[in-house]
């Protein structure tokens, strides 16, 4: 068994009566990109905060780099890079000063920090904004700077809490590109997200959390295979005709889901299913065939009423 | 057990135990660009001093001290203005500024993901407020000296005394900042500092009041600060000054203890 | 809708917001002026009245000065932070102009609301000063009117100035280098006849001086010539009206430029 960078057993976080994280187990191995997926309030951020040692564990057991977060917090944080959900850059400082100051928090010397700052400005494509005060940056630039800041100490483990929430598509793709690069260079990544495409793109392994518990675990491909048939046929009907069609769909797909505005058929062979539609006289206004995604897995596991 | 890092710069295990000075470095970098704002903070107490020296002094004439000697009114008020400005400077720095960083831009949440601890932040921010205070106090003493409002070379000790006032109020201000819910609560800060400013023997000796009010005023921390500074600038030093200094020191330590515990609870939950 | 109606609509939105934030203004609007009156009027007053002093009790001299200074502080406060919030922090002005309301309605609406608040704050002050024995009630209440004018003149001019600023930092500079010196040297605490000659001439052109003189000439019947100047009251009045008018004109102009560039 590979050594675990982070090992959690029965990890629990309670805030008063509310259980945010409910006895979860996971192992994160060196060099992998590990994802936590889940809707808002599933307990992802609380888990991240326990790993970064800023949130005391209520019960259970966890080690990070083999160290105990309760007593060896400083030693752990020294080897971490953390990208929080909301940017918490120092608005009073410039781009390069934000990087410099974080280097100092990590006890790096000026001689160690300055070349690293240059390198990270390059990495984050912020070299020409080095002396701009953070207040005046765009959302994407701030996000890139927050990520660069997390890398100032060459961390062994980088924790990214919803790294691309609120960014436009260009900025998201640029960020993904930077994260691939990090991973190629050997960093271990922990990513929380509720974007399924992001999880599919970035994560080697992931867990799906819901109401404080882990409800599924595996690689993106494994999860799709386990929880969602290969293809999805989405049908839209003219006003009032959907109800009529529902009765005739019985047994046509592995699973079907009826929504207010459309019907989704989960199937292993979309051609087969479409033929079946024709032979049963179902005549939708619009048919869309697509591969099933992690989103389908996610919705199945964490809610939206399903009919098997 | 440990995991091999690809290219680590900081050797693991190199952790400085005392690192509040990292907060000073951060503030120093930020304030280099805002020196005008810092510099301007020096003027408000000087304006008050000039108003007293030019205008009010002529209406009041001399003030008779409890010992029987008479001094010009402006000389009486000047050390009190210095103590009050040490109080105000420390309170503004630790309440408004810290509240903003704590609640709005969450700077401290970021800092705590590094090896820094809440106590580093508490000590660092209070220490920074004191450093600023020393600058202001030094400037103020120079102005007092130039206007002939110091009576003794002991006035130089008014600088560390003002720093002690700053510590007492800065630590309590930081503790207060952790209880603030919104900007509207800052009016409550004024509700405390304004009466202290006006009724701590600042503008007139407490003996103009009835005995009951005198007793109430004598527990005011600014009263102790004012007495301490006034003793030095007038060159009238006696053993009661230990009492004043001890009052301020204890107040500061209590405030710092509460601030540290509260910050820890707020930032690490 | 007429301009008045639209302005009233904006004032209404200010009232609704104020219902949630009024608690944060009680102390600076009501408590602080009263504390100053108590500390300076009674405490310092005891020293002044025992020393060389003034021809009248110090508190009688101080109270009208504090009334005008309170008007200035409230008016300046109203023209600065809420305006910066409207265009930059809360950005509620940007939302407002997507409705039939325009920049001029915002400016007038704020002044309508400011008038109401100033009227209330200053009336309360006059009544408290009366209870302190620092003013007669009748003249005190009449003096609220020039007090309101003083406050609005500051609101108008400072609104215009705030609209030319990029961020909030300069606002504290304004208070440090304009409002505090005016508070201290415009005759609030001591007659400006005690200032050195050239500073007296400077004081004559400052707005708070005219507000203070106007209020003091109303509350002190037949004041001693060492306490007030011989300038006729209409000069003070015109000064404040002109300042108000210029402030309004520029505020509307700058707000147009800011919201509809």
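Residue numbering begins at 1 within each chain, and the chains themselves are lettered A, B and C in the order written.
Everything that follows uses one rule, which is that a residue touches a chain if its C-beta (ideal position, glycine included) is under 8 Å from a C-beta of that chain, and two chains touch if they have at least 3 such contacts.
Here the structure is a predicted model, which is why all the values come from computation and not from measurement.
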Original post:
Considering only which chains touch which, how would you classify the arrangement: line, ring, star, complete or other?
Top reply: line
Subject >> Chain nearest the global centroid, as defined over all protein CA atoms shown >> reply: B
Subject >> chain B-chain C separation of Cα centroids, rounded to whole Å >> reply: 30
Original post:
In angstrom, rounded to a whole number, how far apart do the mean CA points of chain A and chain C lie?
Top reply: 55
Subject >> Rounded Å distance, chain A centre to chain B centre (Cα mean) >> reply: 46
Subject >> For chain B, residues contacting two or more additional chains >> reply: 34
Subject >> Of all residues in chain A, the ones touching two or more other chains >> reply: none
**OP:** Spell out the part of chain B that touches chain C in their complex, as residue ranges.
**Re:** 34, 36-37, 40-41, 43-44, 47-48, 50-51, 54-56, 58-63, 73, 183-188, 190-191, 194-195, 198-199, 203-204, 208-209
Original post:
In their shared complex, at which residues does chain C touch chain B?
Top reply: 21, 23-28, 31-32, 35-36, 38-40, 42-44, 46-48, 51-54, 58, 169, 172-173, 176-177, 180-181, 184-185, 189-190, 194-196, 199
**OP:** Mind listing the chain A positions that touch chain B in their complex?
**Re:** 3, 5, 15, 30, 52, 54-56, 65-66, 73-75, 77-80, 82, 84, 86, 88-93, 97, 100-102, 104-108, 112, 116, 133, 149, 153-154, 156, 185-187
Subject >> Of all residues in chain B, those that touch chain A in their complex >> reply: 1-10, 12-16, 19, 22, 25-26, 29-30, 33-34, 105-107, 109-117, 267-269
